[in-house]
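Letters A, B, C and D name the chains as they come in the text, with residue numbers starting at 1 for each one.
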Amino acid sequence: MLFAQVEKTFWAEGSGSSALWLKILMAVVVGFGLTFAMLKLPARGRRTLVVGITFLAGLYWVLYYLWPQPLPGRLANGSPLPHGQPRDLVESVGFWIKDAQPVVSDFANILSSFLLGLGVFSIIRIHGRKLFRRQPDWGFSAVLFLAMIAMVIVGYVNYYQTRYTPGSSKLELPSNWGSWQFANDLLFNGLLQQMDAAMFSVIAFYILSAAYRAFRIRSVEATILLSTALIVIFSLMGIVAYEWNNAVAHIPGATTGGIAGNFSLTEIYKWINQNVQTPAIRGIDFGVGIGALAMGLRLWLSLERGGASAA
Amino acid sequence: MVLNYDTLKLTLGVIATIGLYSVLYRENKFYRFWEHIFLGLAVGYAIVALWTETLKESWWDKMVGSVPTGGEAGNPGYWAYALLLPIGLMGYFVFSRKHNWISRVPIGIILGLWAGQQVQVWWNRYGPQISSSIRPLLPNTTSSFTVPYIQNPSSGQLEQLRAQVYPSQAISNIVFVFTLLSVIAYFLFSFEAKNRLVKSMSLSGRWLLMVGFGAIFGSTVMMRFSLLIDQMYFIWMEWLTHHILGR
Amino acid sequence: MNNVSSWHGVQYQDTGWFGVVITLLLVSFILINIARAGKNQNLFIRRIAGLNAIDEAIGRATEMGRPVLMVPGLGDLNAISVQALNIFAYVSRTAARFSNPIRLCCGNAAVYTVAQEIIRDAYQQEGLADRYDQDSVRFLSDRQFAFAAAVSGLILREQAAAAFFLGEFFAESLIFAETANSVGAIQIASSTQSTQTPFFIAACDYVLIGDEFYAASAYLTRKPVLVGSLIGQDWCKISGIAMVLGGSLLITPALGIFSQKTINRTSVQGLDVPTTVAYTGVAAGEPLRPFEKHAGDMVDSYVIDSKTGEVQQKQVPVVEGEKVDVIEPRLITPADTWLQRFFQPQKNKALRVEREDDPKPKEVVYGSDPAGVALITAASNSNPCVLTATGHGLKNGDQITIYGGWGGWSVLNGTFQVTVLSPDTFSIPVDASQAGDFKNQNPTLAHEVKPATEGEVKK
Amino acid sequence: MATPDPTTPKSLGEKLQSLPRGILYLILVICTSVPLFFNIPVPNEPTQAAKDLFNALNSLPAGSTVLVGSDWTVSTRGETGGEFDALIRILMRKGIKFAVYTTADPQAPEVARDEIVMLSEDEKKHGGKGVERWNDWVSLGFFPNAEATANLIAADPTKAFGSKKDVKPDGTLGSALSSPVLKDIKTLTDFKMLILVTGTQTSTVTIERLSGKGLPLGMMVTGVMGPETAVYYDSRQLNGLCAGLKGVYDMETLMDGTFKGQVNFGRGKLYYPTLHFALALLIVAVIVGNVGMMISRKGKA
């Protein structure tokens, strides 16, 4: 069955309609027009512009937090309530802010995706130069490019085949795979994912050497660090925990709420975790949160000259 | 030894793994080779995912909308999304000596949005934490040190148990609150710690931090090691034993 | 909802005005102090060990003629990465003076863009724009471990003499720290991810813990704005301390500020308490959640003397509008629930529903749980379908909208005309004979009454 | 830290304090690979949480359907992989249908699919039934927004999974809801249980939104997440929990008690003893370092 599309507004046009494409085209043209207009902007105007835009962007979320949102027009499970209509300005603004939320949440994400090109450009420039100037290690840059190009081609062809070709559903099953799917699987699962796992597991080595170097009874702090870490590690070592807890369990009353019951390794760790680790981390995070809030305010209101806020 | 796609895939995976591990001994050409493969693939995949996982759904589809298909409602296209393209591309002015300021427009938007959100989420994030840190500090019963153990207590008994703060709980709560407060106190910057109390507070704060860190370190070790063990299993068992020796 | 003010926002039902006020208070603390700092320049900041080492580190790098490495973490473009870059700007300025090579590796394209900008500025401000090499600021990969591999490769190849890891780091933190350590680099590190800090502590020479990271730029540059906001942050932290300490004293029963309290206990699925008491010596569980019930429901009520913990139990009906608290394993005093009202974002929102002829609005409540807390507690497998709703107060011809019906009972979702059968039951023209067992599909249903004129009616 | 100047001869203490990394790493490799080849018995008393989880699974009626959240990928396979294996083997043997969904990572569904296929083959090889996609299990794929998805599943699974398609044995696509696995699912409670295998924070998201809806909830998490998740088990919001490698070994031990003579032991039994060697090495290394420090202090004194 067919569902009707929501009614057209100034902002929304029927999918595939020429009107939509026209508006999109115009939007792009206007956008670029503005960009080039900005080239002519006098130095004074620049800061004002950037500051203003930054402020507006932040203002949305502040309003979202402070402006009273109308009582729910719809339930958590999607079924509508009768009075979902604004009655006055306050509410219509409220509705507008509410409806805009899913749209706005995507902005940052979309914009930074557009910026990825810059990153790629940086890579291409650095390794391209190595390659063409035959600088030392240019061979490896060549390898990098090969890998990159291969992944891009294979990735997109596979994406196209598994989405937009007739009978593509079959490709779900490896038994129906074509060479592109195998290539994609080899590059992505066989290599990329596998290398992720490999690099992740390298950490184990570093943990060993770091612990070996750092866990010295040098200062009070180091000693505390060491001893807590050891308690926890022991509580994770099955045999030790097993024996220890057994020993504890044999203390009369341990299993029936006696004090002794709290001294099984696992309980000790749990206690440390809940009464020292948790509040300690909470304390740090509280400070960090305040710091982030302050930093956020400084950025939003462009209070810092220089740095990242508009110069 | 079984020659098939899986063997090839695993073999490559193993060689790559060894390649990356080889850096542990020292930086060498073999590592460099795999490092660059890794980078190349990662960037390549980022370029693929850029469209397939981000822009396609969160930008393009919303911009052009969709026509109704069997069982699925269609959506109108919201053309205004198109404006994001030029705005995003403004970032590319960053390399221009004269006009690099234009790159601050998309940056400003991203940062502005983030900053605004801080104000919006702060309370939802820390309010509950503050509230759950508020705990009764003194016992109101000494009938038992810890909470007495009752097999299947009646709800009345449960209320009783919950209504009372047993010394053990009180001690834990005091430790909890003290830890939290002294840690926060440790992060006060604008005070000269002349006052003995403040001094000892922030010192103990630092020590209690170390307890927390030690615990984190210890509990992370198990996971990291099991991941390494898994890699070893991958090399010795899945690849060598099963595919190469074909056992 | 005609007689509900349009200024009555949902978000205020969530956290109450308290959360908003506190947030604004903190914001004002920060802004006020920034303003204050603008006037008097000499404000005190305590010494931060890691930061004094920056110059030493760069100096050492210069002696060895080896590059200074900087990594702003893997995070997106936000205050954390920007803060890191601000510190790096300071670092690169010093490095520029010594004309010491720098390497800044980004794991996020947007961050990379800003980094280009900031570092170039840094060089320009030193009047050394010509010494700036665009390729010294690099984007490597946005994939965590590819980035890790690339950075450690770079550290080893270029033998970095000083390494700065400031920002959002995750599991890869140790890879960087140990690799840099293996080439004997001086390391200054900080992660806002407190779970990674221990690894930096273990492997690095200097670590900025938590908040010190944000204090850094104020400490280094002494810009009034930064110093001021740092003092503001201290005010915020002190008020945090006050809240926790004050609250704890307030709810400590032995202090007898509140001696007695009646608790109406209802067992709500999932919030229900364990049947066996776990070992303690561990602080008791989470804070309670305020929860609302309908008039007439009987609930267990306990009178608890919180001084002694004496408990008497009895059954009482809930009175309209009265709050019912779900007890979780911890002590409750009036101060406690009172504090919860303020502190705990309430999971359940109240929805007002009025009828024009009904002066006193009737409270229908639903929870974050979409099925919701019910008005309708039973429904018959018949046509028309007979619904039970204690004290529904409907009159013949009223229209009701029902929502939250699941499975077979989704037939109930919609707007219907009611035929009143009794004060507690009424019927709607729906064939529910095939709808299945009501209880196990719809623990509860919510409905609301509409003025007889609005909306079309499903017949 | 500056590497000590090699020209001056080292005292024993200094030697002990500065063992070359290479050696340490080599020993670690040995410690983590050699034990894999031997089957070393480790005494094990499964935690109550693991027992509860296993019993909950074991008491599910044959032919019923459970929901499996699979939020893990290769990178945490060492722990979550073992948990997933144990879970799926139990489900297979009990003849329980299952639907697999993911809210964490676009790659997770593929990982889960391959794992299930592999396990099914293995079960068949050892005389088990194994499972067939579409008839015994369906893959519901990846859901981008964890919170919204959890809410939707709680509200109405048919809505949540309505748009999802899966592959029939003949290779064509069909609406997952029409599959033998989900055709009887109308409401959340038509699932007999939800088991979430996760290496990320989706655990809390799921508990907050799906606990207390009359659907038994089981969780299998990594070692790091163990303590924080245990809190929900204590408050009975979880019917069962198994955490980390220990959890895997617990499940396998319990399986061995129930399914005699079948393949019960996997990663858990292999990895857990090995883990002991690794941890022991760590402790030894720390001790050596400290002894070294003391010796050299004595030397100076």
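What we mean here is this: contacts are C-beta pairs under 8 Å (C-beta built on N, C-alpha and C of every residue); 3 or more make two chains touch, one makes a residue touch a chain.
Here the structure is a predicted model, which is why all the values come from computation and not from measurement.
Chain B has its Cα centroid nearest to the centroid of all protein Cα atoms in the structure. Distances between chain centres, each the mean of the C-alpha atoms, put D farthest from subunit A.
Top-ranked chain pair, ordered by C-beta pairs in contact, is A-B. Averaged C-alpha coordinates give centres for subunit A and subunit C that are 16 Å from one another. If you average the Cα atoms of subunit A and of subunit D, the two centres end up 23 Å apart.
Look at where the CA atoms of subunit A average out and do the same for subunit B: the two points lie 9 Å apart.
Taken residue by residue, subunit A touches two or more other chains at 65, 76-77, 108, 111-112, 115-118, 120, 123, 189, 192, 194-197, 199-205, 207, 209, 211, 213, 215, 225-226, 230, 233, 236, 257, 259, 261-262, 269-271, 273-275, 281, 284-287, 292-293, 295-297, 299, 308, 311, whereas all remaining positions touch fewer.
The set of subunit B residues that touch two or more partner chains comprises 20, 23-24, 32, 35, 38-39, 41-43, 45-46, 72, 91, 94, 104, 107, 110-111, 114-115, 118-119, 122, 133, 146-149, 168, 172, 176-177, 180-181, 184, 187, 209, 213-214, 216-217, 219-222, 225, 227-228, 230-231.
Residues of subunit C in contact with two or more other chains: 20, 23, 26-27, 77, 79, 82, 110, 113-114, 117, 140, 142-143, 145-146, 149, 179, 181, 194-195, 197-199, 201-202, 209-211, 215, 230, 233, 237, 240, 273, 275, 277, 279-283, 286, 328-329, 368-371. Listing the residues of subunit B that touch subunit C in their complex gives 20, 23, 26-27, 31-32, 35, 38-39, 41-43, 45-46, 91, 94-95, 100, 103-104, 107, 110-111, 114-115, 118-119, 122-124, 127-128, 130-141, 146-153, 155-156, 158-166, 168-169, 172-173, 176-177, 180-181, 184-185, 187-193, 209, 213-214, 216-217, 220. Of all the residues in subunit C, the ones that touch subunit A in their complex are 1-2, 4, 6-12, 20, 23, 26-27, 30-31, 34, 76-77, 79-80, 82-83, 85-86, 89, 106, 108-110, 112-114, 117-118, 121, 125, 135, 137-140, 142-146, 148-149, 171-172, 174-175, 177-179, 181, 192, 194-195, 197-199, 201-203, 209-211, 213-215, 217, 223, 225-226, 229-230, 232-233, 236-237, 240, 277, 279-283, 349, 351-352, 366, 368-372, 401, 403-404, 413, 415, 446, 448, 450, 454-455. The residues of subunit D lying in touch with subunit B in their complex are 21-22, 25, 28-29, 32-33, 36-37, 75-79, 81, 106, 144, 163, 222-224, 226-227, 244-245, 267, 270-271, 274-275, 278-279, 282. The touching residues of subunit A, when paired with subunit D in their complex, are 76-78, 169-170, 172-173, 176, 189, 193-194, 196-197, 200-201, 204-205, 207-209, 211-213, 215-218, 226, 230, 233, 236-239, 242, 245, 266, 269-270, 273-274. Interface residues of subunit A facing subunit C in the complex, by the touch rule stated above, are 65-72, 75-77, 79-83, 87-88, 90-91, 94, 108, 111-112, 115-120, 122-123, 125-126, 129, 192, 195-196, 199-200, 202-203, 206-207, 209-211, 213-215, 225, 257, 259, 261-262, 267, 270-271, 274-275, 281, 284-288, 290-299, 303-304, 306-308, 311.
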